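In the part that follows, the structures are each spelled out as C-alpha cells.
Two complexes are shown next, each including chain A; its partner changes from chain B in the first to chain C in the second.
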Partner chain A sequence: MSARDLHGPGAPWGGAEPGARSNSDFKVVGQPRPKVDGIAKATGAAVYTDDLTFPGMLHAKTLRSPHAHARIVRIDTSKARALKGVHAVLTGDSMPIKYGVIPWTPDENALAVDKVRFIGDPVAAVAAIDEDTANAALKLIEVEYELLHTYLDPFESLQRKEPQIHEDKKGGNISKSVQLEFGKVEEALAGAEVVVEDDYFFHGSTHAPIEPHCAVATYSADGVLTLWSATQITHYVHRALARVLELPAHRIRVIQPCLGGAFGGKSDPFSLEFCVSKLAMVTGRPVKMLWTREEVFYAHRGRHPMHLHYRSGVTKDGKLVGVDAKILIDGGSYSSFGLVTTYYSGQLLTGPYHFPTYRFDSTRVFTNKPPCGPKRGHGSVQPRFAFEVQLDQLAEKLALDPIEIRRRNFQGDFTRTVNGQRVTSNGFLQCLDEVESASRWKERRGKLGFGRGLGVAGSMYISGTNYPVYPNDMPQAGVQLKVDRSGLVTVFTGGNDIGQGSNSMCAYIVAEELGIPVERVRVVAADTDLCPVDLGAYSSRVTFMVGNATIDAARKLREKLVAAVAEKWECAPARVRLIEGLAIDLEDTARSMTSVEAFQLAETKFDTLGSTGSYNTPKLGGDYRGGTIGASPAYSFTAHVVDASVDVETGRITVHDVWVAHDCGRALNPMIVAGQMEGSAYMGLAEALFEEHDVNRFGLHRGPSLLDYRLPTSLDTPDFHARIVESIDPEGPYGAKEAGEGPLHPSLPALSNAVYDAVGIRLKHLPFTPAKVLAALREKRAAASVPQGVR
Partner chain B sequence: MTPEVTVARSLDEALAALARDGAAAHVLAGGTDLMVELRTGRTRPERVVDVWKVGELRGVREENEGLRLGALSTCAELLRDSRVASHAPLLVAACREVGAEQIQARATLGGNLGTASPAADLNPALVALGARVRLRSRRGAREVAVDEFLCGYRKTLRERDELIESVLVPTRPAHERQLWRKVGTRRAQSISKLTVAVALAFEGACVSAVRAAAGSVGPRTLRLATLERELVGRPLSPALCRSAAAACARADITPIDDVRSTALYRRHAFARVLATLLAEPDGVPACPPS
Partner chain C sequence: MRRMAEYRLEVNGDSLDVSAPDHWTLLEVLRYRLALTGSKQGCDKGDCGACTVLVDGKPWLACLTLARSVVGRRITTIEGLLPAHRANGGSGADPVQAAFDRCGALQCGFCQPGMILSAKALLAKTPQPTRDEMREALSGNLCRCTGYTQIFEAIESAVASELGLKPAARAWGAPPVSCAARKDGGA
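== the complex of A and B ==
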C-alpha cells in the first residue's frame, strides 16, 4: 500500500497523537448534522432525472415480451413508424453488442436480438412526441414468437440442459458454480459433539426505490452524447455505453442527477440508458425514458432466492468445528452480478465467528424470471439468515444461551479468516454487549410467556472490496479539490450519492481538514466530464474509499495553505492551524487571518489552487481462484436483538422493538449512521414479514405494484434502537467503516429466533406469512400429541 | 381511444347525461377505482360522466329516519363528521382503514357502492348498519337496501340511467354495539384479506337483533345469516361467540385463493377474528390499531 492511501484514523490536527481515538479532537466529524442536500430534498427543489426537460425532447417507451421464454421469429415495426408523432423505432438489431456489469459474463442486449428470456424483457423502443403517442405506437408493433420451454424451478434448471436459456453458455443452464473447501470439514464434523443439519429457504425480494429508473440523452452536433441517468454507478454505465454504441468513451458524458434511492437496484447498466442514447443519436433530439413502477419490478436485479442446506458442528463447549454449505441460487434470466453473488454466498460468512474448517458449494442457475442482482447486503443476507438460525439450533441442543454461543465463537480482531480474508478492527463483542443490556436480555429472554420472545443474531459485511469489476491497477477512488478566491472549496468526486449521504461525507471531511464551515464546501459528483473516476455506490465502498481519497486530497491542499501562511508570518508551519474559518498561530493567539485570506495568500504563492487525492486497496484476499472476491480492507460487524410476539389465532407476527448495534469504525455523522442502521433493519424485517417478489405459473410477476408488493407502513414498523459501536479502524477515513448494508443482515434470523423463543416454532422458510406460522403451529401441536415412542 | 367525458355541474345535468341514448356511461366520482381501470385497460368506456362537482350529492343531513349521507361523501369527510361518529362508528372505523390520506380524500361512499368490489371496506359496514341506498334517474327515485343492491361480483341493481344519490343510515337503536375488524396484508394501505362488520342490539343480557356482513371472503359483500341466526335471543357468552363464529365461517363465506391470501387461511382467520371480535366489549377501535 502506498502512503497516499493511508492517513491514520486520527483527527487532522491531532498533534502529538496521530492515532487519537477521541471524538473531541474533531470539529465536524462525529457530530449529528443534516445532509448537504437535505433542504433541497425536503423542499422539493432537488432536481431528479425526470425533472430534466429540454426543448424538442421526445419521450420513449419500451415494448416488452409477454412470454417467459421464446424465440423472436419476426418483428414488424412499419405500422408504428407510420404513426403520426413517432420519430424512431428501435429493435435489437440496432444494438447487437452484448453487455453485462461483470465483463466476463456479457449476456444482455439493450433490446432482445433473437430471444426473450422473461416476461418483461425489452423487445423494441419507440421515441415519439409524447408518452401517449409512444404507447400507441407500441401497440402497432407486430412480434411473432416461437414459444420455448419455460424454466421457473431452479432445480429443473440444474438438471435440464435443453433448451438453453443462454445458448452460448457452456454447461446447460448453470450461470456460475463455485466449490471451495478450507480445512478438512468432514473430519472436523466427525469429531463434533453436536451436529445440526437443516434446510432453509430465502425467497426473492426487490429494492422498490421511491424513484423509478429514468434516463435522458442528448446528442450534440459535434458528436457528444450526454446521458443523465438515475444510476448508482456512472463509471460502468459510461463504459457500457462506449461498448454497445461503439463510440469512443471520450465522446460520452454520463451524469447522475439527484437520486431517489437505489439499494443496489440501479447498479447494472439498463436497457433504457442504451435506448435513449441510441434514439437521441438517430433522431438528433433529446430523448427521455421514465419507467413505470411496473417496469421497475420487471427490471428487478433484486435479492436472489436461495435454497440453502447447512451442516454445522460444535464441541461440547459450543465452539464451532466446521461448517458445510450447499446453496442453489435462482438467478433469473441474466447474469448481472451473478458471478460475484455466487462467491459472496460462501465467502462472506466467515466472520464474526471463527470457523476452523469451512466448505461451500454454491451454484447459480438461470430461470425465465426477472433477473436477480445485488440488493443491500448482496449475496450474504441469505446465507447469514440460514447460518444464524442454525447457530440458535446448536445453542439449543447444548442448552447454551444464544448470545453466549456467539461470544464463545468470536474470531477476535486483527486476525485472518479461514478463507484467507484479513480482518482488522472488530467490535462485534461490544455489539453483543450493547444489545444484550439494552434489550434486558438476561431478565427477559424465555420469561415473556407463551406468545412473546427475544431473538439474537450477528453478522459482518464488507467496506468495499479490492476487486474492481474490470481488472486494473488504477485508483478505485479519485477526488479533486478546487479552491475559489471567495473561500469556497469545490469537491469533484465520481462517487454516487444515492441518498446515503456520500456528498455530505466529502463536505464534512474537507471542512474538517481545512478548518472551514461545511457550508463553504460544495460537492460536484458523478459527472464523468467533470469528476475523477470512482467505481460507484456499491459494496458499501464509498465512505471508506472516497473518504480516504478526500482526506488525501485535502491534506495536500492543507499543506499548501499552511506553508503560505507560515511564510507570511515567518514562523514554523507546525504553529499554523486552520480552524473555524480562520488560520491561527498556536503560539501567538493575537495573530490570525481568515481562511479566505489564507486561500488568496496560497494562490499568490503557488498559482491556481487545487489538489487531487486517491485511494486504492492494499493487496488482500486468499491465494486461490476467487480469493479476492469478498476481500475487504475492513469489515463492519452487527448484532440485533428482536422482540416479537406471535398471535396464535391469526398467525400474525408483531415486532415490538429491535435493538441494532453496529460497529461502523467511527461515525462520521452519527445521525446518518443511525438512519442507515434503522433503515437496514426496516428493510430486513420487511423481507421477513411482508415483501415477496415472485412469478406465477406462467412466469408473470405476481404483483408488480406498490399495492401488492407490500412495503411495511409506519404502523407495521417497530421501534428501532440504534447503538453505534466505534472500533476505530486503522485504515478507514478517521477510522470509519461501512454502515449502509451490514445492519440489515441480522434482522431476519433474529426475528426467526425470537419467534422460536415466543412459541417454539423454527421458521426456516421465508417469508414468515401468517399462513406459514399457523401451519408450523399446527405441526408442532400434532407432534406434541403423538405419544412417546410412536414417532 | 379516449372516452367522451361529460362534466356535470348539477344533478339535472348528470341525470340528463346518464339518460342519453347510446353506450352506457361510466360514472366518475373520486376516481380511485376508474382511473386505475382506465390505465390498465381493464375498463374501456365510451362515455364517462364526471359527477365530482355535483353539489346536490354532497353533505350529511339528519332526517327523521336517520342520517342521510350524500353519495359524494368522502372517507375524509365521514371521518371528520361528529354526527357520523356518534351514529355510525362502524362506518368511521371502516373509512379510517381505506387506503392512505390521499385516497381517503377522494374515495366516496357512492363510488364504493357503485363499483361493488367484494373487497370494498365501506360496504360491509353499510350492510351491518342496515343502510339503504337512494337511486335517482329522470324517471324518479327509489330506495333499495344496500344488502340487496350489491347483488354480485362488481354487480349492483343500478339501472344504466340511475345515479346513486345518497345513503340512509337508520337511527341507531339504544345500546347497539357496533363491531368492525379488517385484516389486511399490512396494517395500513392494504386491500383487505377479510373484513367483518357487526351491529348487535340487546334486550337485557340477550341479543335481540343482529346484522352482520363480511368483505373479501366471497364474490360480493356477504350477509352473515348463520351468525345472525345463532346469536339472536341468546346471551353473548364466550362459548357462543366461538361456536357461532365457527358455524358462520363454515356456512356463510366462500373465500378463494388470490394474490393477497389463501382460501384456507381466510376461512381459518375469519373464524378466529370473528370470535375474538364478538367477545370484545367494544369492537370498534377508538384509534388506528397499533
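== the complex of A and C ==
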C-alpha cells in the first residue's frame, strides 16, 4: 500500500475519515506514555558513544589551527611519531578527498590540506595508548603557517575577492546567492496604506548538546570498517566515509549509539569520524576520539548570523500586500548546509500568513569563523524573528491588536503559498486562540503597568523536505519488521533517535497496528548493516517519514496475520480485528486467539514472517530553480505569547511565562510533543537573552566553554505552558506533523514584542542584553524630551 | 611518565580496588576503570553537572574531584539507585528514576544521571520541595533538551507517589483540540 493512502480502506478503523477519529479510538497512539528507552536512560544503562570500550583501544586527539586564515607551509610530525606510545599520526595528505553534507558543495577536508580557514580548523590527528600521550604528541607536531588576510565581517567578504577563503570557488567569497520574486512587489508596496521598512540583526548561537561529539572505529582483519558515532545522520556519514576513505560502502558499517542531544549540531560528517576510521585502518586497532567541550564549540554548525532588511506593506485593514527581504548571511568558513540555509532564509517565510507578493535576495558569504550550519529551525528562525517584529510595527501603525493582524492575514488550510508550496492542514488560528485565552491576553495586554508586557508571534515550519540531499528516487525512509514466535516484533529503522523519541514512535505505531502491547516491540535503529536507509534526523522529517514507513510495513504484516486467522476461522478477513494482544472475530466476540497464536499461524501459512515499508514524498514544490527547497509534505504551525518584565534601572529582562500552542497534526504521544514544545521555547529564549557565539578581533572564539557561553539553568528558565493543537494532517502518520523545531521560532519575536508592550522599546538586534535595553531606553527618553514640533 | 596510584573506593556499597594514574578524576576512574559509565562527561570542568554523583549523600561534581581524595567516603552513582531500591524490598527502578521515565523528563537522557542524583539529594533533605526549591537544587545541572518543566513534574510525581497520592495528571492543552471543526478558517 502506498503510504499516502494511509487513511484509506486499509486503515485499522475501516477507512473512517481521519478527522472523525478521536484519540480515544486508539489503543496506544495519542496517550502519554513512557519512551521505550526511558528507563535505560534513567538508570544509567543506556550506552552512548563514549561509553564504548574495546580491547586494545587507542585514543586519538586533534591538533587545531591557532590562526584564522593561513597557508600551511610545512608540517613535521616526526617528533610526534617518535614518542613512545604513539601509534599513528595523520595529516591532510592522508585523506585529500573533499566532502560536504551537500554533494554540490564539497569543501571540507578531514584534516586541513594546504590551508586553514578558522581558529580550530583540524590540522593533524594522533592515535596513542592514552589521551595524555596523544596530547603530548600534539605538542611535538611542528607546523609552519603563512598568515593570510582574515575575514571576520560578512560585509567585507561580500566586497573583497582576494584572498579567497575557498580558492576553487567561483565568485570571490560568496558561498551562495539566491534572488527570487513572486508577483510584482514594488507595484504592490506602492499601493499599500502603510509600509514599514527596518533592519534587524540575528546573532550567532550554537547547539551545545550536553554530550560532546565522539566516535569509535574498528577495522576488522577482513577489511570491514565499523564506526560508532554520535551522529544524527548515519546514512550520510556512511556515504561520506566511502568517498573520503575510498572504500566500497558495503565494507563500511555506521552505528549511532544512544545520542546525548544534537539539535542540528551533529548533522554534518565531522573530522573525527574520518580520523578514527583512518587511524583504525592504519594501526589495526580500535580507536576512539572524544572531543573536548572547547572542540565542540569550534565544530559549531550553529545558527547563522544574519543581517536582515525587511520592507512590508499592508492595506488599511491590515492585510499584507507585499514583503521584500534582503538578507546577508555570515556562513563562517565552510559550506555545510549553506546552500539550503540560503534558500530557507527566504522560502520558509510564506506562511501562516498570505503574501500576495514576495521577494527575497539572500546571500551567504564565507568568513574565517567556525562554520555555521543547521540549528533547530534551520535558516528560518532568523527571518521569522525580523518579520514577526515588523508585523507588530505594522499593527501599531494601524492601531490593530497584534493577534488581530495575524488573524486577518491567515492563509487558510489546503492552500498554496505565493512561492508555490502546497499547504495542507493548518491549525494556526486555533494556536492563536489558545495562547490568547490561556494568557488572558484581552484582559491583561497593555494593562500590566509600565515595565511588564505581553507579546505574540506566530510561525510555520516544515515536516520534512522532499529534497533529499543527493538526488535519487528511492524511498526517503524505510522500515523493516521481523516477527518472533514468542510474539515479539522487532522494528529495524534507519531513523536516528536523538532524544526526540523516534524509536518510541516506531514502537507505538507497530503496537497500534498489530494490536499488541508496546512492550512486545523492540526497536533496532541507525545501524547501516541492519537497518534500511533513512536519511536522518534533520528538517523535522522523522515522525512524518519514518512514521509513515512504519505504518506501511505494519499494515503489510497485519494483512498476513488477518488472512491466516480468517482462513483458520473460515470467515471473511474483514471480521478479524487485532487488538489488545488478541485476534478477535468482530461478529462473534467469543471467538479469539492470542496474537502469539496468530503470529504462529501466519508463519505456518506464509513463510518466515516479516515486512518492509517505505515513504517517499509526493512531487512538491514550485516550478522554478530551487522551488523544491522548502517544499514539505506538511507544515506545522505555532503561536506564542510571552509575559515579560523589564527592569529599567538595570536593563534586565525577566520572562515570567510562555504559552506555546503548536499544531503538530496529531500528538502520537502528547507528553513527548509537550517536551519538544517546551524544549524549543527554552532554546529560543536562551538565544534571545543568554547566548552568543562569536569571535574576537583575531577570530578567536570568545568563550568556548559552558561557563562563558551561558546556557540557562533551572533558575533562569521561565514557566512554559504547552497547548497542543491537532489539525489531523491528511498525509501524516495518523495525521501527525512535526513538533521538534517549529515551536522554537516565535520565542524571540514574541519576547521582543512583549518588551515593546512593557516599556515601549523595539528590540531588533539580538541578543537582548541589558546594555542594549538600557541604550534603547535612553534613546527613547531622549526622543520624548524633544519638544513637540521640533523633530 | 605517569605516576600510578592504588587505593580503594566505596562505590554503591562495594569496596573496589583501583589502580589508575594518580591525577585521574573520580569521573575518569568511574567511567574508564570501574566501567560505571552512567556518570556522564559533558564539559570536564565543572560547568554542566552531567558528572554529578553523591558523596556521603551530597551532590558532587566527579569531574572536579581527584579520585584519591574521596577514599573512605560513600560514593553513589546512578547505577547504585536501582539495586539499593531492590535491596530495600522495592520493585522496578528507584521511585525517582521511575517518575522521570513516567513524566517524559528523559529526552536525550545525557544530563539525567546527574539530574536524578541531584533530585535524590534534594528529596533526602526536603521531602516535599516547592518549585523554587527545585530550581535552586537543580541549578548546577544543565539540561539542553527539556526546558526543565517535565523534570519538575517528575519530582512532584515522585513525591506524590512516595506519599501514596495519585500523581496529578497533566492537562495537555486541555484536551487537544481538533481543527476539523474549524474548516471554515475561523475568523
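Just a few scattered comments:
Keep this in mind: the second predicted complex is superposed on the first by the 773 of 791 C-alpha atoms of A that agree within 3 Å, B and C clash if a C-alpha of one lies under 4 Å from a C-alpha of the other, contacts with A are read in each partner's own complex, and residues count from 1 in each chain.
Everything below uses one rule, namely that a contact is a pair of C-beta atoms (placed from the backbone, for glycine too) under 8 Å apart; a residue touches a chain by one contact, two chains touch by 3 or more.
As the structure is a prediction and not an experimental result, all values here were calculated from the model.
Contact with chain B, but none with chain C, is seen for A:F690 once the two complexes are overlaid on the shared chain. Of the two partner chains, chain C is the only one that A:M671 touches; chain B does not reach it. Judged by the number of chain A residues each one touches, C leads among chain B and chain C.
By the touch criterion defined above, A:L707 lies against chain B and chain C together after alignment on the C-alpha atoms of chain A.
By the touch criterion stated above, A:L715 is placed in contact with chain B and with chain C alike. By the touch criterion defined above, A:Q430 reaches chain C but does not reach chain B.
When both complexes are overlaid on chain A, the residue A:P770 reaches chain B alone and has no touch with chain C. Contacts of A:E519 after superposition on the shared chain: neither chain B nor chain C is touched. Taken together, the two structures place residues 707, 713-715 of chain A in contact with chain B in one case and with chain C in the other. Interface of chain A with chain B (complex): residues 649-651, 690, 702-703, 707-708, 710, 712-716, 770-771, 774.
Chain B makes touch with chain A in their complex at residues 183, 185-191, 259-262, 264-265, 268-269, 272-273, 276, 288-290.
Against chain C, in their complex, chain A makes its touches with residues 19-20, 22-23, 32, 34-35, 37-39, 41-48, 50-51, 53, 132-133, 136, 207-212, 258-263, 290, 292-293, 407-408, 410, 412-413, 425-427, 429-430, 433-434, 498-501, 661, 663, 667, 670-675, 678-683, 705-707, 711, 713-715, 717, 719-720, 722-728. On chain C, the positions that touch chain A within their shared complex are 1-2, 21, 31-32, 35-45, 47-48, 50, 77-79, 81-82, 93-94, 97-98, 100-104, 106-113, 116, 134-136, 138-151, 170, 172-180, 182-183, 185-187.
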